[in-house]
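Residue numbering begins at 1 within each chain, and the chains themselves are lettered A, B, C and D in the order written.
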Amino acid sequence: MHCRVWSCIVSTGQTWTVGVTGATGYAGGEVCRLLAAHPFLSLAGVHANSSAGRRLGELQPHLLPYADLVVQPSDAASLAGYDVVVLALPHGESAAIAAQLPEDTVVIDCGADHRLTDPAAWARWYGNEHAGSWPYGLPELPGQREKLAGARRIAVPGCYPTSVTLALAPALAAGLIEPEVVVVAASGTSGAGKSAKPHLLGSEVMGSVSAYGVGGVHRHTPEMIQNLSQAAGIPVSVSFTPTLVPMSRGILATCSAKLAPGADAGSARAAYEKAYADEPFVHLLPEGQWPTTSQVLGANTVALQIAVDQAAGRLIVVAAVDNLTKGTGGAALQCANLALGLPETTGLPLVGVAP
Amino acid sequence: MHCRVWSCIVSTGQTWTVGVTGATGYAGGEVCRLLAAHPFLSLAGVHANSSAGRRLGELQPHLLPYADLVVQPSDAASLAGYDVVVLALPHGESAAIAAQLPEDTVVIDCGADHRLTDPAAWARWYGNEHAGSWPYGLPELPGQREKLAGARRIAVPGCYPTSVTLALAPALAAGLIEPEVVVVAASGTSGAGKSAKPHLLGSEVMGSVSAYGVGGVHRHTPEMIQNLSQAAGIPVSVSFTPTLVPMSRGILATCSAKLAPGADAGSARAAYEKAYADEPFVHLLPEGQWPTTSQVLGANTVALQIAVDQAAGRLIVVAAVDNLTKGTGGAALQCANLALGLPETTGLPLVGVAP
Amino acid sequence: MHCRVWSCIVSTGQTWTVGVTGATGYAGGEVCRLLAAHPFLSLAGVHANSSAGRRLGELQPHLLPYADLVVQPSDAASLAGYDVVVLALPHGESAAIAAQLPEDTVVIDCGADHRLTDPAAWARWYGNEHAGSWPYGLPELPGQREKLAGARRIAVPGCYPTSVTLALAPALAAGLIEPEVVVVAASGTSGAGKSAKPHLLGSEVMGSVSAYGVGGVHRHTPEMIQNLSQAAGIPVSVSFTPTLVPMSRGILATCSAKLAPGADAGSARAAYEKAYADEPFVHLLPEGQWPTTSQVLGANTVALQIAVDQAAGRLIVVAAVDNLTKGTGGAALQCANLALGLPETTGLPLVGVAP
Amino acid sequence: MHCRVWSCIVSTGQTWTVGVTGATGYAGGEVCRLLAAHPFLSLAGVHANSSAGRRLGELQPHLLPYADLVVQPSDAASLAGYDVVVLALPHGESAAIAAQLPEDTVVIDCGADHRLTDPAAWARWYGNEHAGSWPYGLPELPGQREKLAGARRIAVPGCYPTSVTLALAPALAAGLIEPEVVVVAASGTSGAGKSAKPHLLGSEVMGSVSAYGVGGVHRHTPEMIQNLSQAAGIPVSVSFTPTLVPMSRGILATCSAKLAPGADAGSARAAYEKAYADEPFVHLLPEGQWPTTSQVLGANTVALQIAVDQAAGRLIVVAAVDNLTKGTGGAALQCANLALGLPETTGLPLVGVAP
């Protein structure tokens, strides 16, 4: 089993300290939650832009083992000294901090700053100067795992791009679909963060589904285009519509595109089986079983299924991830494992919290 | 206001009796709920296949004013004698009953039996003989309202086809989009009915989203194709993926298609404004406001919004309906109003139960 | 049926105009929702402290028929001229407005200002001067209906006190229980209002139950004590614990007290049957059927059930109400009906929106 | 940190095999989920009454690492050979199986069969012969941890009794409250199991709270009476009302009793601080912070808070647990740890999955 491998390592007794900034938000809190079960990474400090000086327990009641930690400021000086620093900050804040941290500190950025490789794309979508790109923390992409091994700066993918990229890259890489994809994704509300906005109140979101960011304006769109175009080897257009559904966690991405000439259900399944045969976190479900977000809730896993709609001539791929785990905090630790030379699955949950 | 018009009618003192069969299910229960607020239609009897002899209050605890009604059998003999009969039965059961009811009884079928006009399509999707088609109860389609006025047999549309047809018909009719549409719809669980299946348990559906019927196999697909092809005047292909979201009621349909040459945001908005300017139940929201299912919960209304994704070259239309109200039970009473010559909005809720 | 009675009134053609202030909040929005289905009361203006000048549709997307109303200021001058004024404001704001409205305007206060009769109790719980008490809008209490007929100032009860008072008053009045009651009530989040606070975010409340205001500190406590002591004829102590549950609407109050000597299940049932035999909105369910909040969702009804725990020697009473309907907005219109001499049930929903 | 202790053990390389029967239900599934993260216990076989021969992945989609396990029969012969057997079966089925398993097999019963010590109480509540009592798996009770160390038969407590016993035992043991307690507990739906019943459908439970088993008829009542009477040293009466709330997991128990003469807030807090000072899984929150079920979701922890209601003269204690984790499956592994001589917290989650 996955955890037995620990025994070959633990004899060294080595552990690494981790500092998390943005620890009072949802992404940062998830990193802390997962650290509590990691055998070799140890949460050594929590930081945040505001809330410095408060007990973490007031702000993150579920982090009971860490309740008495006092929140420290979120600046480079305060963050120096950890083996690993996880940045879970609003976009635009990572670059300045990272530049002042030692080069051999492992810095994992859960924000958007270093995901896009094209400065022009960054400028178009974010309106300011690009901070530069870091190795992209999606080890399941061909060749990517090698780039993350030993890396000291890693950009964790966005939650939607994680689900959509893993859903569509194999088909695009194999030339099975046309490079015009349509994605409609349902997301739990934690994806919208913890700042209190009226439309995110429980009274508003329970019992209701809504669309937002319609028409290609969601900032995760260029990241999807970048990943999918790279997989396809040609430019891919992405029509992306996110929707907000009444649950806290989870993304279900329904993705489709026209089948390329000659492609069929058999070649599609073969492509996905091949792409993910050895991936510990990506599960192509048996035929006929469709993903649910509960099966990956709190886990660092992705559940995938594909089908061909003959009449419409399209391939449909559905992917489920937990936006906070494989979508953010779990991916951060998966990347940290690779950076530190630990087995990639170390300490990461493989089973969703269901029902 | 809408309800003032009653004063010009009520002077006659006329009311009509209504019998509902399938009254112990979700669709039938919704018809009963709405009848309780209808000034001229009076629920006179409840029927069901099983449960005959039981108090309605045991089976539909919310129908408090009708709790002491005893459920009667669901056969033509038992259903004779009402002015209006609403059939909320599994498909395949309506035709035999309707054939034995008097010709001047208003029979409203909430099931699928009489929606499709093409016997071959019926046979392909349902596997048995077609019962024939009835006037299609979607008055918002061009020319359809006139066909329903005074009708004695009406087929209520399916819940998904209602949302998708109203979302896309104007664009197809105006030639603004290509006839290949992609629909991903989120539905509350009541659309799956009241029979107890493990995957519909609260423990399974709360906190989880899942896909089902993927690949063009949902039986509402041919009904959408029929409606949209009629609107377009040419065959339309529909890629339809339904998803189940953690709420009881509501559908949010996200629909898109490639823009036709020359079409743009302006011509699209103009087409929708024109199509629904005089519709009492269909609301094209102000630009930038996106539909939520809570705004139509329990109401006989549809909330719509459109956007153009320039980069992807697609028109996106999002529609919200309550699958049980405008999607079934409310539509049934809207049709009954037309059949009886009452103002179309009589007794129907225009405001959703929010928050 | 309940709605037939309208025919005897509508011939006069009379309608009354209603102004609602606090119309952008949950309570005020509910009043507007219910007005849309009321045959004789007409929403003529919406007001609010902030948001003046904005379209109502931006702030209350479900109020589609009123979307184009422009929000007006919430002051006495702006509110003059309506036949009925409904105040859905934070406590402390009603008295000043009401004092400047004409004496013959029907003023219905959904806030707390005029509920308590004891100025000392007010000062102890709210810390400022008492505005005086108005007729208490719970017609189901003995003798209360008569006081509301024709009244021009009415204080709508709090949502928790409505449920708890109706649950326990009959047993206390009949001397069946000791005057020390324990109440644990579950409430949907809309009871906490629409202002955005982090602990009310959907991400926080979905999938979670929490307690708050524990230890007798909730401000609805003195109102319960007042009502129950009046029913009992002696002082009653109330241990009240509210809890927040993951739904938008609804209260389920579980109330219990020690049985008085000689009291038993039979005498208890007889007392409740007698108390509510003629009440159109209060339903004592058949033995063995327990209330659910969904059965009263959006309706102006209360579902009640009682049981005796022989081993513990206690009477348990469970009551379900919708905090926004019978708990606030529906009660407001029920009171308005009484004030105006209309049948008490006019225009009020009797059936919950279930499932 | 808690996980470092593993390093001192793992050097032996020892692991134990675990067989779980009832693995297709919610309790059994939770045991499997937790085993996936346990470093020394290894899930070696899954069993069930029905479903034998099917892939576990069809029945428990979240158990992705175990998806290909084939469900085996649930009988003693099939269950022989494991180091540890966890029984997650309906009551009445454990004794016969346990009797045929080797004496040195660790048998952990998640069912009710061996919890009650009084055969007469068993007969009164379950109607058949008592199977005998086993060491009671609540190590947090005084002296109980010692009885579980090295035990080979352990009865896991019921979920409600776990929360209520931990909530009230310290106050009763210290004589701070009268021995008449009132408990109202909110539970997620997974507590009702996985068999498909209409009232447990998502459509019924979402957006709704209901009471059930009112009047002292829930079968967890005698277990609470047993535990609390033992803690108090005198008979304790328990008025227990369970309610069903719209979430999958979690229990929030609101417990209260009259303060004994001389008891006050200070003595109460001191008693709870003392009782749980060294307990790794029980957290008395800082004053003023109230438990939420999300903070313990999926974790083997209990969050507690107390308050004194001076006016009502009562102590209120609120406890949150996850009914499937500390309430069942986590407690089972905690007991297994003790039985096997492992550190009690080994492999058990300490952080809830929030938000």
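Going forward, a residue touches a chain if its C-beta (ideal position, glycine included) is under 8 Å from a C-beta of that chain, and two chains touch if they have at least 3 such contacts.
Remember, it's a predicted structure, so these values are computed and weren't measured experimentally.
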Chains touching both chain C and chain D: A, B
Smallest count of steps, each to a touching chain, taking chain B to chain D: 1
Between chain C and chain A, distance of the C-alpha-averaged centres to the nearest whole Å: 46
CA centroid of chain A to CA centroid of chain B, Å: 39
Distance between chain centroids, defined by C-alpha means - chain A, chain D (Å): 33
Where chain D touches two or more other chains, by residue: 26, 190, 194, 201, 203-204, 206-207, 246-249, 292, 294-295, 297, 354-355
In the complex with chain D, residue positions of chain B that touch it: 26, 188-190, 192, 194-198, 200-207, 246-248
Touch list for chain B against partner chain C, complex: 1-4, 6-7, 10-11, 13, 15, 26, 29, 32-33, 36-39, 42, 55, 57-58, 60-65, 67, 190, 194, 206-207, 248-249, 283, 285-286, 289, 292, 294-299, 301, 303, 349-355
Chain B residues within the chain A interface of the complex: 180, 182, 184, 186, 201, 203-204, 206-212, 214-216, 221, 237-239, 241, 243, 245-250, 252, 254, 256, 290-295, 297, 305, 307-314, 316, 318, 320, 354-355
